[in-house]
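Next come two complexes built around subunit A: one with subunit B, the other with subunit C.
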Partner chain A sequence: MIRFEAVEKWFGQQQVLAGVTGDVKRGEVVTLLGSSGSGKSTLIRTVTRLEAIQGGKVLFEGVDLAGRGVDINRLRQRVGFVFQAFNLFPHLTALGNITLGLERLRKMSKPLARERAMTELDRVGLADKADALPSRLSGGQRQRVAIARALAMDPDVMLFDEPTSALDPEMVGEVLRVMRTLAQNGMTMVVVTHEVGFAREVADTVWFLDKGQIVESGPPAEVLDRPGHERLRSFLAKVH
Partner chain B sequence: MLEILENNWLLFLIGQYPHGPVGGLAMTLFLAVVGLSLSFPVAVALALARLSSHGWLRGPATAVVYIVRGLPLIMFIFWTYFALPLLTGRTVGGVETLLFALVVYEASYLSEIIRAGIEGLPKGQTEAAKALGLGYFPTTFKVILPQVLHNMMPSLVSQFVSTIKETSLGYVISANEVTFAASQVNNQLMTQPFEVYGLLALTYFTLCFTLTSAARWLERRLAAERGGLGVQTA
Partner chain C sequence: MGYVFDPAAVLTGQYLDWFIWGLATTIALTVAAWLLGMTIGIILTLVRMLPFRPLEWLVAAYVEYHRNVPLLVQILVWYFGVPQLLPRAIRMWVNSHHSEFLLAMVALGLASAAYITEDLRSGIRSIPKTQYEAARSIGFNYLQAMSYVILPQALRIVIPPLINQTLLLFKNTSLAMAIGVGELTYRTREVDSYTFKTFEAFAVATIIYLAISFGIMALGAFANRRLKLELR
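Right after this comes the complex of A and B.
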């Protein structure tokens, strides 16, 4: 579904992606691990073209994202993205954050969009917060609204960029619970995280990135319990 | 001073109306309100052009803003006063001339406030809109500008206060506003310029002070709201 082909990305003189090659299959949950600066966030940002790449290709269902005639806005509707900092629109209510895309992009009528948004809010357990502004929500609730906002667009794949890193420890669980349910329902997911426990339990595949390359990949049991690479061993020792 | 006020308050307030055109304080307020309202869309367009990735939009908009901000308003008023009749081929009244000059002038200043507001928003807002699949216009008008305008309210009121004071320059082209009315009164009385212009000063001060206080109150309220709006803490 998503294919990275020798993806290269530079920030000035610094190379952050040094030839990443990998496949994400439909229905698969891929977890990206790696220390900060390893390029894992940058990698998933290339899938929605929030980051341009300088070498290689990113393909979504066989279509080159950087190709001519690609309607990037249409493509982005099929890729849900959840940010570390939530990035809810602070001037809109929880419901308004979700209906905006439905009304503008899906051209739904107001009542229809509202109904759909309520379904999504209910799915993340926040139906009672529909009319609350983001400033009145806790971090965990904000992130769940952000997930609902992405899900409302019926994406084919959900990308999560360290979704729990900005949260207080007691709120991590509620967000992971929502993500776990999603994975169980067959959603294709790529998750950048430091939650090794989540990776072990939910992921089908773990990619370990170091210096802009995938240095190890495989089922979590294999990668996490029998780490071959020295960097992965020291990484796991640190986060455990 | 009270006597002057007693005899001339109507002239101060509405000019020669209903026997002549509306003037005085009413015209001053009209000029400020209409001037700022008309300049607003122009300012938004200028700010967006200044931030555009297209050089052919950015270049001219930047030039306009820099030129206008580098010139005194009175020069602009003179320029409009002489150029507008030439361009339109008919006589243009003082009020229209002043309004035109004000709109161009205020738009340039406002556009800088709006531009700063847009650049001050967290980058994540644009990214989130993009990630949803929203294009440039819905992102700008549904996500970015509503937040910017909200955060900008105090600056907008300040700009309104400046505009009120700037309308006094209409005097030099005989636009019928409150300074013009005061000088009419002064010409009649001939002997009491301090009192007349004292009254004028008091009028401007009361108006502007009230509005500045309102701006400060708004600013405090916004500051209290922040954390939720404007700057979103992670």
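Right after this comes the complex of A and C.
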């Protein structure tokens, strides 16, 4: 579904992606591990062209994202993106955050959009917070609304950029629970995270990135329990 | 000094009518110029944020002209200069449809737009880039992201400076008397020259101006309370 082909990216003189190649298959959950600065967030941001690349290709269902005929706005509707800092729209309620895209892009009627948004809020356990402004929600609740907002657009794949890193420890669980259910229901997911436990339990594949390259990849049992690479061993020692 | 202060003398009969007409014209001019200023101000803001340098320079030139040339000069240019550039048919139409009011509105509105776009730009800059990214990630294009996500927040943030601009605009409508717009100051001068009750006439005008200014401030404070962004 998503294919990275020798993807390269520079920030000025500094190379952050140094030839990343990998495949994400439909229904697969891929977890990206790596220390900060390893390029894992940058990598998933290339999928929706939040980051431009300077070398290689990113393909979505076989289509080169850099191609001329690509309608990036249409493509972004098919790719849900969840940010570390939630990025809810502070001037809209939880419900309003979700209905905005449904009404303006999907051209749903107000009642229909509302109904759909309520379904999504219910799915993340926040139906009772529909009319709350983001400022009145806890971090964990905000992230669940952000997930609901992305899901409402019926994406083919969900990208998570460190979804629990900005949360207080006691709120991590509620967000991971939602993500786990999502994975069990067959959603294709790419998750950048430091939660090794989540990777071990939910991921089909783990990619370990170091200095802009995938240095190890495979099923979690293999990668996490028998780490071959020295950098991965020291990473796992640190996060455990 | 045998001056007797007698406000009732200027608040009767035709003089009262003049004040009422003047006030109505002032309010109409303020509202019309405000709407024009907001519209042009928002358009200028969207244009200057496009990634195309020459457009940015063009808007910058627009802003500098309107902020640095006296407003009275701008009004005179619009009234005496611009109509000469128009095709005869349009000029005739404008002249027969209260051209002084229309042109004062244009001059005041365009000048306000220069200040409004500066306020809006600083408001937009204060909104984290991640909000824009989140909007684009849902699938909105530039204009949609601006209209549904960025501008609604920026407008809330800049309510206080916008209230200031509104007050300035309201007071500056008095300059339109220079081209014969029958607004409040113009009518006050008329009442003065008919009655020789200078202090009374201007006292009435002063009170009206103050009352409306306070009204605008109260309305602005109310809007700010209701719409203020809760970020935490």
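Keep in mind that, in the parts below, the second predicted complex is superposed on the first by the 240 of 240 C-alpha atoms of A that agree within 3 Å, B and C clash if a C-alpha of one lies under 4 Å from a C-alpha of the other, contacts with A are read in each partner's own complex, and residues count from 1 in each chain.
What we mean here is this: a contact is a pair of C-beta atoms (placed from the backbone, for glycine too) under 8 Å apart; a residue touches a chain by one contact, two chains touch by 3 or more.
None of these values were measured; they are calculated from a predicted model.
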item: Room on subunit A for both subunit B and subunit C (clash or fit); value: clash
item: Most subunit A residues touched (candidates subunit B, subunit C); value: B
item: Partner chain(s) touched by A:220 [first = subunit B, second = subunit C, both, neither]; value: neither
item: Contacts of A:166 with subunit B and subunit C, given as first, second, both or neither; value: first
item: Which superposed partner A:153 touches (first subunit B, second subunit C, both, neither); value: both
item: Partner chain in contact with A:76 - subunit B first, subunit C second, else both or neither; value: both
item: Touching both subunit C and subunit B, counted on subunit A across the two superposed complexes; value: 48, 50, 73-74, 76-77, 79, 81, 83, 85, 87-91, 100-101, 104-105, 133, 135-136, 149-150, 153
item: Partner subunit A, residues of subunit B touching it in the complex; value: 122, 124-125, 127-135, 138, 142-143, 146-147, 150, 225, 227-230, 232, 234
item: Interface residues, subunit C side, partner subunit A - complex; value: 130-131, 133-141, 144, 148-149, 152-153, 156, 229-232
item: Touching residues (chain side subunit A, partner subunit B) in the complex; value: 48, 50, 73-77, 79-81, 83-91, 100-101, 104-105, 133-136, 139, 146, 149-150, 153, 166
item: Touch list for subunit A against partner subunit C, complex; value: 48, 50, 73-74, 76-77, 79, 81, 83, 85, 87-91, 100-101, 104-105, 133, 135-136, 149-150, 153
